[in-house]
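After this come two complexes, each holding subunit A, first together with subunit B and then together with subunit C.
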Partner chain A sequence: MHGRNREDYKAKFRDPKVAAGLEKKAQQWYTLMDALIEARKADNSKEKDKRKGTIDLIEKALLVNPDPLNLWNHRRELLVLEREEMENTDPMLKNELDLTQAALQRNPKAYGSWFHRKWILALLQPDSSVLQNELKLTAQFLTLDERNFHCWNYRRFVVSALASCWNGGWELPSMGPQIGASVNNSAPSIPQDVLEAEWDFTHQKIQHNFSNFSAFHYRSQLLPRMIAQKGDEAAILEEELQVVENAIFTEPDDQTAWWYHKLLLLEYKFEPSRLEEQAEMLRELLEDSPGKWVLVGLFEILSVLGTRKEERCELLKRLITLDQDRSTRYRELLEKLESE
Partner chain B sequence: MSTPSSSEELPGKMNIPAGENGSFVFFHRESHLKYIASLSAKLDKPSSYEGAVTEHLRMSGIYWTYAALSLLVQRPEADKVLGVTSAPSDDRPSIVDWVLKCYVKGTGGFGGNLGHDAHILYTLSALQILVMAEYDLNQLHVDDIVKFILSLQQEDGSFVGDQWGEVDTRFSYCAISALSLLSSLGEINLPKAVEYIASCQNLDGGFGSMKGAESHAGQVFCCVGALSIAKSLHVIKHPDLLGWWLAERQCDSGGLNGRPEKQADVCYSWWILSALSIIGRVDWISGDKLATFISKAQDPDDGGIADRPDDMPDIFHTFFGLSGLSLLGKLPSVFRQIDPVYALPVDIVLEQKLSAQIIGSNGKVEDRLSHYEIVERHK
Partner chain C sequence: MPKDDRDEEGLRRTYDVVVCGTGLVQAIVSAALARAGLSVLHCDGSDYYGEMDSTWNPEIIQEKIKEKKSSAELLAEVSCKSSHIDKGFIAMNPKGSESNLQWHSENKVDSFGLDVGILVDTPFGKGTVVELPKSFDESIVVALEKWVLANGKRSLVYFRIPHEYRHNSFSSQVLEELLFQTQGVQSLRTAKAKRILNDHRISLDATPAFVLASGRAVSGMLASNVADYLEFRSAEGLFWLEGGDLSKVPCSKNDVFGTKLLAPMDKRRLMKFIQLAMDYATQTSSDEERQQQVSLETANAMENSPDAPTSTLETVESEVQSLNERHLNHGRSLARPQNKVVSTEALSILKQCMDDGMAFDTFLEKVHKLSPKLQAIVRYAIAWEREVSSVSLAEGMENLKLHLQAVGRFGNTAFIFPLYGSGELPQAFCRSAAVFGATFLLRRAAVGIKVSDGNGVTGALISEDNSSECKMIECKTIIASEASFSLERTTRSCKRILRRISVLSGRVIRSDDTDCHITTIPPKTVGNSHTIHCVTLDHTLQVVHHGCTVMHLTTTVECDKGQETDDEILSEASRMIIEASGSQLDEVYQVCFSHCFEPTGFFSVSDVPEGLHLCHHSGQALTVDNAFAQAESIFSKICPGKDFLKLSEDFDVQIKERATENNINDDEKNMLESALDIVRKTKENKNEQTRG
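Presenting the complex of A and B:
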């Protein structure tokens, strides 16, 4: 069980009062489930009152446990019927947003709750003011857990909804469209101000904590779009190098920014003189902080430059001793380099 | 593979070598057996809180239990302990009968429990249980199951979990693995499925839950495993980068995490080691340190393995911890071994003639993988 201390957990169940309370909760859950299974079997969903009663009952269950997909499915069946009889769907939207928010506050990692929120937005297709509010909500959730990948995925879903929404229609081919890294695909382009707001958002998150790879990842997805839509590739890439340098000089042993560094080197072309300059900075950093990641970073830069074979071999030899868990990989790299 | 006649020949507690100079850690086999044997009776009780909150995923729970037990005892004993093929008591059906009752007619998939809706997650778990129980899958409504899985594939090649439309690369793995078990992989648009998975690879080498999502070790297994079954490992861009990203999941504690700068967790022993096995780079991490981490997460008294040392065990982490030790080759050869592609015992994979592709490591592959199609690593 994720993050439950063994002794505390066992002690809790040994306490007869707690154990009796949990037993009661289990029995209540099964009673509720039986009632819902009966309601679904009876198929009286055509009767508005009974339907409403069932929807409320499901809500009660989901606030206890948001994981059973069965319950969300049942709810969606009834909502689809409910909607057919509604002129104004605003109350339905509000209700589903409130329910999923409450469920997510209890368990921010429940797949079912995040998906249901996407589903209701796709069903009702609200205007951009609702979507803008969704962005604010994800920002709030990301303050509580900045690495929650469900929340980041949901944010990208909202942005892609905003993009197609502003193009005059909700063209979401399936429930999971996201902003892809490729700018040549058929994904709608993102309005410039939304794109820049997202770009700034990742910057804020990174400045707040350099160790947030989720934000770096999103930035890596936005970067080709920024370059395509804004132009001036050299200036944008220079800004990225500086973001990385800031991070690695603050926390040289944290691997987060080093991965962003690696993917920049892999995907983009930099002036050799700029890379030489960065290599020199890392050599200086090594004197104060001879950690593994600085060695790795320097090795990567020199590999891109294709120069200083001896220095690279030396770096690998130091890594073999310093980072023994991964020494096989360094040995393979060394063998390959020496045979070149 | 040597097969002892009885599990009684296996020791209750044993040493696992974990390093040079004869270092070792304890493996509490007997406690784990006790833990697993007590599990089903406990969860079945209507008064069990743990049973109630995990009711919706019982199908996967049973798969983890059965697969974990399969790594601790020989086949007939696993059947007996859990009551897989024959009912253990009057008020409990055999597991096979129970699984068959979770089949949803009209949809063509299996639910997570009796009366629950069909979903691809539980459909794969059901098929995995049945195949371990040596149930002849041809007795199922194979055409309807294949049709169900077919209906889940989207235009872009991705898979949704059920009719409601949640996209996830976990579902791509489930769909492809399930179809392979049913010898029906040709029924879907496999090139499109492969194309979608490839589009989920990120510039750091890893894979995410959908296009654009952050790399996550669990999703890496799903994507690499699916590509392995689809014999399309060549679409992985920079396999060395992927291997490096996976190797950097090992923390100082020896345990593996799922993303950069996150806490180590025993379940990643499975997600990462299986992916590393498939791409031929298990030796890029320290197996001794990982085995030590897993062993520290054991509950020596009541059995089971937790997410990390001193935490409460559960069956999910027990299965993935045991599988990790198996993939590291730390369990003696009298134990059944786990297959990194299908997450089934190797002997079952061989009997079913399941195929897949793996990357050879400098011309060598582990024995358990030698029956697969082997592609060479590019130097």
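Presenting the complex of A and C:
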């Protein structure tokens, strides 16, 4: 859905034939909504077949438009009641997964559908084979649009569910994405094979298009776990530095890699000689493409090294003229640096 | 149409146009002319469509090689049968554009012999040869895979050739053949080779035809709906063979990012150059668009606007910026991030160098400071240069423009390839021509044209299958391949296209899921003066048995008079590629041929008869886009001012109406209606209950 002209899309609806068709659909939609609001008010959810009828009706409405959150809420109220009377919940799980999948194919960025999918997993707590399948599905969704952050969030939720499955039970404190950066004892540890598969997955997505904040963000969350499990911190970090360098030299004006670069510099320790080497590379790059991000990046490296005060001042001065929107910030940094 | 206008065959006496030969250019023109409402007779001496744009199989090739009759003999046959050969007759070679085709070698290998250690198939299951006989009196010993004895050893089987089959010559191949006939024992390698060769699917393209994902060819196929007859797959990637290594050619942002071929600073320089090429492409195409618009406007208003359109630097800048957005889908992989500052300096330097007439390689080296290796990759693999001496900067940039604009429109590369072989293309256009009323005659070659005193075309002579007489068809316009006017094999020194096609028992490039790749071998690698293009196509293109590959190697060679064409170059290149691929590949079938593509010089420019339109072979090219350019220019000479290959407006309206009627597929509507049905029914139930 990226890179499409909004005007072209809108122009389609100006055709009177299309507009008339939409008008008719809107009328039908409102009738349907009225019927559903009435059903919720009537509160006859205790009667089994009426409840079933409403659930089916909501399903149809959601397949047309997955956005209204009230419909999803209504559905969840009814599903909770339904579940109490059920012995085998497998058909319910399958139905809800199918519904959300169809809704997401229609609109891959509808908050309601993604949340509902998480909710049904948390409610019914299926075994890991279902979760593995969910991973495959998200991978498919991410080939269609590798930058769909909803899907990335959902994937992280599934992975943490897998982790808690593996640790012997479903315990999900909240519905948000679960994998945090901290590697404290309370966070569920991810099974090694899942962790490595996820690590490779982000790698693959970044190779496909490195202009992908979601993939880099996930990688930043996985990185401390990889280091904790593999132990070989220096080798892993070197690999990350090289990914960043490749991206920077391919497209120095893409902010994504610079963001990850800054994270690496601030969160991890590198050999000063390695950083000196990178600073030298950036100086060469600066001659070729004097852009804002190269200047900022070089400044960050030198700040971490704590050397070459004059060069840093010089960089800030260049930034003040180049990036005037943020000149006050650079001035402040400059004053601080000069007063050191 | 009155009945007497047609002869006993149903052919008319007069046609608007006679098209000779079903090569791609002729097929496209034929479709365009039929669409424009002209009566078209289209004939070809072969029993298949496409001539040198066709797809052959080993049987067809063997028949062609056996065909010993020279062109002169064929012509003599025609002339003794015909009473039309007199003044004003110009003879044509019935073989059309295949006239100067020359076969160099053809080879089928379906027996690799037996040896100790190789895997064989026996009636008792698979096994390994342990011992080979030295004569017919000894047995071959095979250790079976699945039969293990109590002592842990594999069980052995002994096979011996029965007496009645033994003969004097004893060799590994003879042994294998006899063992297979009498005992059903065969090496797996040989069995696979036989399977491949017996598969009816071997499609060998006389000219492998990639189509640029955006360009004349694609728009022509879409405009004419010929695309409906065809299926395509996109090429997976471009490769580069140097120093015995195959490596991916970086031609998009991700390729540059991912490649291990380049050091960081090289990546930057290459990206910068590619982006410049994209900007140039963007700017020139919007210049063209604007000029077209202006010419339309002036044509409409019939007045000359005083300020001619000039592209000032500001307009260039705004276009370059906005275009990155506009073409995100096409060249997304190359587009800058949205916040990138665009400098127009590089563009103006490029313009300056173009005006100075700089060569392409000089520009890469001096202005963009690309390393020698990068220069070679850009020149030969991305800008499609073929010779060591570089083209002009303008030509190089034009090629880059065509290539880069098409990258990523369909799939990862700029190229798509028709399923079932390139021969599908001319066939699809012929089919489209027939749908719009053109008459097709196969196995009936054009053998000559009739010219009036004023040097204008008056008719075409079509050979007959059975009857002794050739048939004269009256027409004022004829389209024919230029090569068909050369009656003897060219003896002048000329440039020839040399092609070697082989069927391999495995995949050449295994890094992607399927094998549909173009590999460039730069000049001077195996003594080649021109680049060698290697096209590998696997079973996913429906051209060969599952898991196998058809490999086309193409280069241009210059032959002096009488000198034999050196086909050793391509055998060597083939060996190099197979070695670099790192897989165990058997070459099961191999054929090598060449044909001259330079004009024969039969007609000088001034004495081409009026009404005769000649089409030429476009030389060594990866794509068929040039055929569309040629076809368009021929068409516009015959039907000036008419739209090329466009559907008529009536059709267009009809198709659009049909599409809007197809609301049956509107699942939104269906879903809403079924939901409302439920609502209505529950309400009715309720009413009944309250009434009850």
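As a working rule, the second predicted complex is superposed on the first by the 318 of 340 C-alpha atoms of A that agree within 3 Å, B and C clash if a C-alpha of one lies under 4 Å from a C-alpha of the other, contacts with A are read in each partner's own complex, and residues count from 1 in each chain.
The working rule: contacts are C-beta pairs under 8 Å (C-beta built on N, C-alpha and C of every residue); 3 or more make two chains touch, one makes a residue touch a chain.
Remember, predicted model here, so these are calculated numbers, not experimental data.
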Based on the superposition on subunit A, does the combination of subunit B and subunit C result in a clash or a fit? fit
In the superposed arrangement, does A:29 touch subunit B (first), subunit C (second), both or neither? both
Thinking of the overlay built on chain A, is A:139 touched by subunit B (first), by subunit C (second), by both, or by neither? neither
Per residue count on subunit A, the busier partner among subunit B and subunit C is B
With both complexes overlaid on chain A, does A:262 touch subunit B (first), subunit C (second), both or neither? first
Could you look at A:305 and tell me whether it touches subunit B, subunit C, both or neither (first, second, both, neither)? neither
A:123 contacts which: subunit B (first), subunit C (second), both, neither? neither
Identify the partner contact of A:291: answer first if only subunit B is touched, second if only subunit C is, both if each is, neither if none is. second
In the superposed arrangement, does A:63 touch subunit B (first), subunit C (second), both or neither? second
Is A:328 in contact with subunit B, with subunit C, with both, or with neither (first, second, both, neither)? first
What is the contact status of A:254 with respect to subunit B (first) and subunit C (second): first, second, both, or neither? both
With both complexes placed on chain A, how many Å separate the closest C-alpha atoms of subunit B and subunit C? 5
Which subunit A residues come up in both lists, the one for subunit B and the one for subunit C? 2-5, 25, 29, 211, 254-255
Note: in the complex, subunit A contacts subunit C through residues 2-5, 17, 21, 25, 28-29, 31-32, 35, 53, 56-57, 60-61, 63-64, 207-211, 245-255, 281, 284-285, 288-289, 291
Spell out the residues on subunit B that touch subunit A in their complex, using ranges where they run on. 46-49, 51-53, 55-57, 111-112, 115-117, 119, 154-156, 158, 160-162, 164-168, 199, 202-204, 208-216, 238, 241, 243-245, 247-248, 250, 254, 259-262, 265, 281, 283-286, 289, 299, 302, 306-307, 310-314, 379
Given the complex with subunit A, which residues does subunit C contribute to the contact? 253-254, 256-258, 264-265, 267-269, 271-272, 325-326, 328-329, 332-333, 335-337, 339-341, 660, 663, 667-669, 671-676, 678-679, 682
Any idea which subunit A residues touch subunit B in the complex? 1-7, 9-10, 22-23, 25-27, 29-30, 33, 37, 65, 67-70, 72-73, 76, 111, 115, 118-119, 147, 149, 152-153, 156, 173-182, 211, 213-214, 217-218, 220-221, 254-256, 259, 262-263, 266-267, 324-326, 328-329, 336
